[in-house]
Amino acid sequence: MIHFNSDYLEGAHPSVLKRLVETNMEQSIGYGCDPYCDIARDKIRVACQAPEADVQFLVGGTQTNTTVIASVLRPYQGVICPVSGHINCHETGAIESTGHKVIALSAQDGKISAAQIAEYVEWHRNDESMEHIVYPGMVYISYPTEGGTLYSKEELTAIRDTCLRYGLYLFIDGARLGYGLTSDQADLTLPELAHLCDVFYIGGTKIGLLFGEAVVIMNPVLQKDFRPMLKQRGGMLAKGRLLGIQFDALFTDDLYFQISRHANDMAKEIRNVFVSAGYPLLFDSPTNQQFFIIPDDELAILAKDFGYEYWERVDSTHSGVRFAASWATTPEQIEALRKAVYSLK
Amino acid sequence: MIHFNSDYLEGAHPSVLKRLVETNMEQSIGYGCDPYCDIARDKIRVACQAPEADVQFLVGGTQTNTTVIASVLRPYQGVICPVSGHINCHETGAIESTGHKVIALSAQDGKISAAQIAEYVEWHRNDESMEHIVYPGMVYISYPTEGGTLYSKEELTAIRDTCLRYGLYLFIDGARLGYGLTSDQADLTLPELAHLCDVFYIGGTKIGLLFGEAVVIMNPVLQKDFRPMLKQRGGMLAKGRLLGIQFDALFTDDLYFQISRHANDMAKEIRNVFVSAGYPLLFDSPTNQQFFIIPDDELAILAKDFGYEYWERVDSTHSGVRFAASWATTPEQIEALRKAVYSLK
Amino acid sequence: MIHFNSDYLEGAHPSVLKRLVETNMEQSIGYGCDPYCDIARDKIRVACQAPEADVQFLVGGTQTNTTVIASVLRPYQGVICPVSGHINCHETGAIESTGHKVIALSAQDGKISAAQIAEYVEWHRNDESMEHIVYPGMVYISYPTEGGTLYSKEELTAIRDTCLRYGLYLFIDGARLGYGLTSDQADLTLPELAHLCDVFYIGGTKIGLLFGEAVVIMNPVLQKDFRPMLKQRGGMLAKGRLLGIQFDALFTDDLYFQISRHANDMAKEIRNVFVSAGYPLLFDSPTNQQFFIIPDDELAILAKDFGYEYWERVDSTHSGVRFAASWATTPEQIEALRKAVYSLK
Amino acid sequence: MIHFNSDYLEGAHPSVLKRLVETNMEQSIGYGCDPYCDIARDKIRVACQAPEADVQFLVGGTQTNTTVIASVLRPYQGVICPVSGHINCHETGAIESTGHKVIALSAQDGKISAAQIAEYVEWHRNDESMEHIVYPGMVYISYPTEGGTLYSKEELTAIRDTCLRYGLYLFIDGARLGYGLTSDQADLTLPELAHLCDVFYIGGTKIGLLFGEAVVIMNPVLQKDFRPMLKQRGGMLAKGRLLGIQFDALFTDDLYFQISRHANDMAKEIRNVFVSAGYPLLFDSPTNQQFFIIPDDELAILAKDFGYEYWERVDSTHSGVRFAASWATTPEQIEALRKAVYSLK
């Protein structure tokens, strides 16, 4: 059985695991105040060309989204996001559990536009009942999006300008950031992205680590007292160095980008497998996740040997499914998939 | 200047005010434990043919919606409601402030259907990521809706059955309940409505009282410990008898239904004024609120002498507006409106 | 039966009620944006010598405390208060329901000192685990306290200075403010108190109104966006003018202070009744509430004709009880009490 | 530099780390639904003699406490705990952030008694203002406590009986459970403890794992829908198997108890070092943490080579400090400490 269900199926990249093993019996103080965390912070600041940024480490994505958003908003404010955004769909109401409404705007290819944001804020401001309506306080987007699509530099710059104009903070969920930045279609670098938002995170769970997300707080206003929020929301790992050690390894020798690129390359191979066999794309996605439309009976055969993620029903006999590549995907796995797909015909 | 902006422009119906004045210097204990509250509770139980119901009084609608919903849901649950529902649009995120997502379903004439509810629950239950998605815990609807439309007995029964089938509680917001029940188009009585839900409230603020909403908790499971919730959420009025006295008066000599019917009659007159003058309806509404499409220039003239509520822009030269009648609306006010409207032509 | 249980047993002072009756059929827009609210705001600003203050009206005390505190604190912050403070004891965890810890300091005569506050903040700041401990964000005190005692100008000034030094906001709960300011032992005026805090409220429920608390926000930083908080927390009364009309009457012809003084005078009479009859004070209180130690058997006799509030058990045969005077207490009621108390001996 | 600051200074026990390395490149589905988690669940059920228990894995303690407590309480309820309890002191208000008051009772040796709990509930139930006071909904205690002390079987049974009598759930924080159960002074087995509460957790972070806490839900009522709570509160690890693999190793060949016993043995050695050198105990503690009173000048010398945790100031020249042993503490480390302590004299 070979799984393409997602990009968090294996443990850690060997280089990362090696460092955890090497340092295992060292003693260090807890909660992210150890030297390894400091080293990782510095490397991330350098990679982002953001010497003044604050960098804090958390274990998982839901925790990270919740902590960042709750630390930014005032109680009467909500967060604007695409209707398909992770915080709106797949975090069991974590944002609402902190008291804030998710203001979901319709999405095109998983993205919202600067114009939509402006329109929403203008509508709110001009409504006679403004005080009776949740105030937008920040914008949440993902890079890449849930479906693996990308904002262009122009789109992101327009969103950034709109946020600045209306006093909204901009937060970018980078759970799969590396897969986005190393895509052929990406026209953004990490420093460019960093400087186009107030806060974002570099996802490690889905790109090479056992776990871990590095929040990069660019806006000094948001840096104050983030750590007690981290503790309150259960996001401060006791053995914090585990995060520092892993991110240190990830930002050594370009590992993060190298393994992200590998995943995108493998994803292109997966795409080739299905497309050359005549299966249509569910939608076009330029990163490590690929989406296809497959007849149910053929899918049932494939499912005996291959894992995938069910995405949506297309019609009574066809399904939309996701195949994800990751840093750990091998050419051998894809070759096996190719044979299986071709033998369906 | 005559205002048709809403149904909470005046104070209390004279019969209600009279009782407040008569009892003003009496002494009574606080927090809704006084004899007047008990009398009002009994009258409401009788009116609902619900001898086992618990009745609790609150001051306003947002408070009531928030307290009821927060008292019912578990933290991982949300409340299903029409996208146009008051809790979704006009309470500054009060529900979310208690930690719960508002699950907004598309609305037809301000209403959702039993089929929509069933479809949502089925989708949730069958999703592989069910645990990552907010669980529906209850359904919130309004009778009448924000736009004054009504659920038929058949529609409401279907919703009720669906809720029972899926283990959802049903809550009916009755901020304008009287205007609904006394509409020509209503095919429901108060006892019928009461027995088709788990909890609802009888709105007084918009129908004859200075303020006050009477929550009727039909389901015994939801009756337990509602009062500490009331206190925690700031909804327990110190001089609770003010609510008891007012609801006592409102449920004496059929006053509640009588003044509701009057408002609906006045609303029909308003409708006649505009329709006979050739203005189209924005949409059809069988209760005390009426919605028209009026050219902006004519609206500007009307606005000098008459208050209305701006509802939505129709096109670049036309607006959709609301004119509301209430228990306090007089034939003289409508006559003045008629003259003004006719003189526009 | 004559009740001395509390100071919210009757309705409104006749001058207040009269204004409600006179204005009953007027039409006005809702939510505190009507002319009566504006008039009341202006009168309160004048009374406080605070032309720049924002004044907002709410219905009750728990609602007010919750809304003010939730509007001020960041999520990782708590509110310092005396262990006997109303928010710590008698609001069913309303503050915690908004996510904030109540940091209760030991109280002397219901009061905390500037030194205690400083000590707490210093302890927190110097603790190695500072980030693991709730951050103090504001101080809540009551004037007068739950037991009717008063901070001196010197004590309050010291608290204020400490708050300024440590970046804490100071909030004064004035549910019984008038009874405090008109006490013989008070050495503070309303403007002095106003200028010694960031936000406070003038309680109406317990001093002459049907209901109503006027929040006076002195600190401009806290004025921003208080109104959406008001709405979200269910504290924005639909017929907001009811609050404006009442506070207008209360701040006309010195009514607030006059009726407060009357209550204090009546309280002195109650004190004389018991003290001259040989009953010891439970503790000394210079405002409208008086506390006595009474043998249980004698209390049982009194209880047949007089209402009081049970405060605490003193020993196996004696109870500590509260008798409260209010703006509505009459010499005749006290004379009846005197006779009853004397006849116990 | 040798650190005795705490019991979470090193990584994982070698047997645990070995299993993580061996399984690193395996593929498995996420969120705790993999076979390793199921194996670990079974082993824990066997160890607890609780075949019907639900076992769920989280990463850290604050997260665990918060998720369990929030999943149990109704909004108007709080959790009773010793004033020195971790949730009251060192989680930055995490419990309050979910809306619940921590009801702190005075502690003796870090413990509360059944009698205290009963007294509190009786007081609440008999108070006239019961509805205005947070309702106790559960009891939280730690085994061992923050200071390493232990409840006897008799004490715990009495607490359990009291909880049952008053309808309170009992939750035991077992962050250091193994150190407690293997103490010479313990008179409880793991199955006995498990069956004396509704829910508890087996701490791994401080006993041999990189991270991880296993929540054991004994009461079937509390098992329902714990997992969506886990997700909402950010406690559902994407690569959930990391927790399963670690707990599997920990409950293989008695490892958990063996390394816990080792830590307690090492702690006795530490105790001998200081006591034989004439330093008084700050208080007596029978588990892996030891507390001493040391003159400040001597502490300053020790601090050059040894890490410890500052506990409290004893007087102007003496400090109370903690030295903690763990599964990783070696005789060599203690020998070095012995030499240093003896050379102080």
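Going in written order, the chains are labelled A, B, C and D, and every chain counts its residues from 1.
We adopt the following convention: a contact is a pair of C-beta atoms (placed from the backbone, for glycine too) under 8 Å apart; a residue touches a chain by one contact, two chains touch by 3 or more.
Keep in mind that what you see is a predicted model, and the values were worked out from it rather than measured.
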Of all other chains, the one whose Cα centre sits farthest from chain D: B
More contacts between chains, B-D or C-D: C-D
Rounded Å distance, chain B centre to chain C centre (Cα mean): 33
Centroid spacing, where centroids are CA-atom means, of chain C and chain D in whole angstrom: 42
Between chain B and chain D, centroid-to-centroid distance (C-alpha), Å: 50
Residues of chain C whose C-beta touches two or more other chains: 75-76, 91-93, 97-99, 131-132, 135, 228-229, 231-232, 236
Chain A partner contacts - residues on chain C that touch it in the complex: 31, 70-71, 74-76, 98-99, 131-132, 135, 225, 227-232, 236
Contacting residues of chain D [partner chain C, same complex]: 75-76, 78, 89-93, 96-102, 128-129, 131-135, 309-310
Interfacial residue positions of chain A with respect to chain D in the complex: 1-3, 5-6, 8-12, 14, 17, 20-21, 23-30, 59-64, 66-67, 91-94, 97-98, 205-206, 210-211, 228-229, 231-239, 242, 307, 328
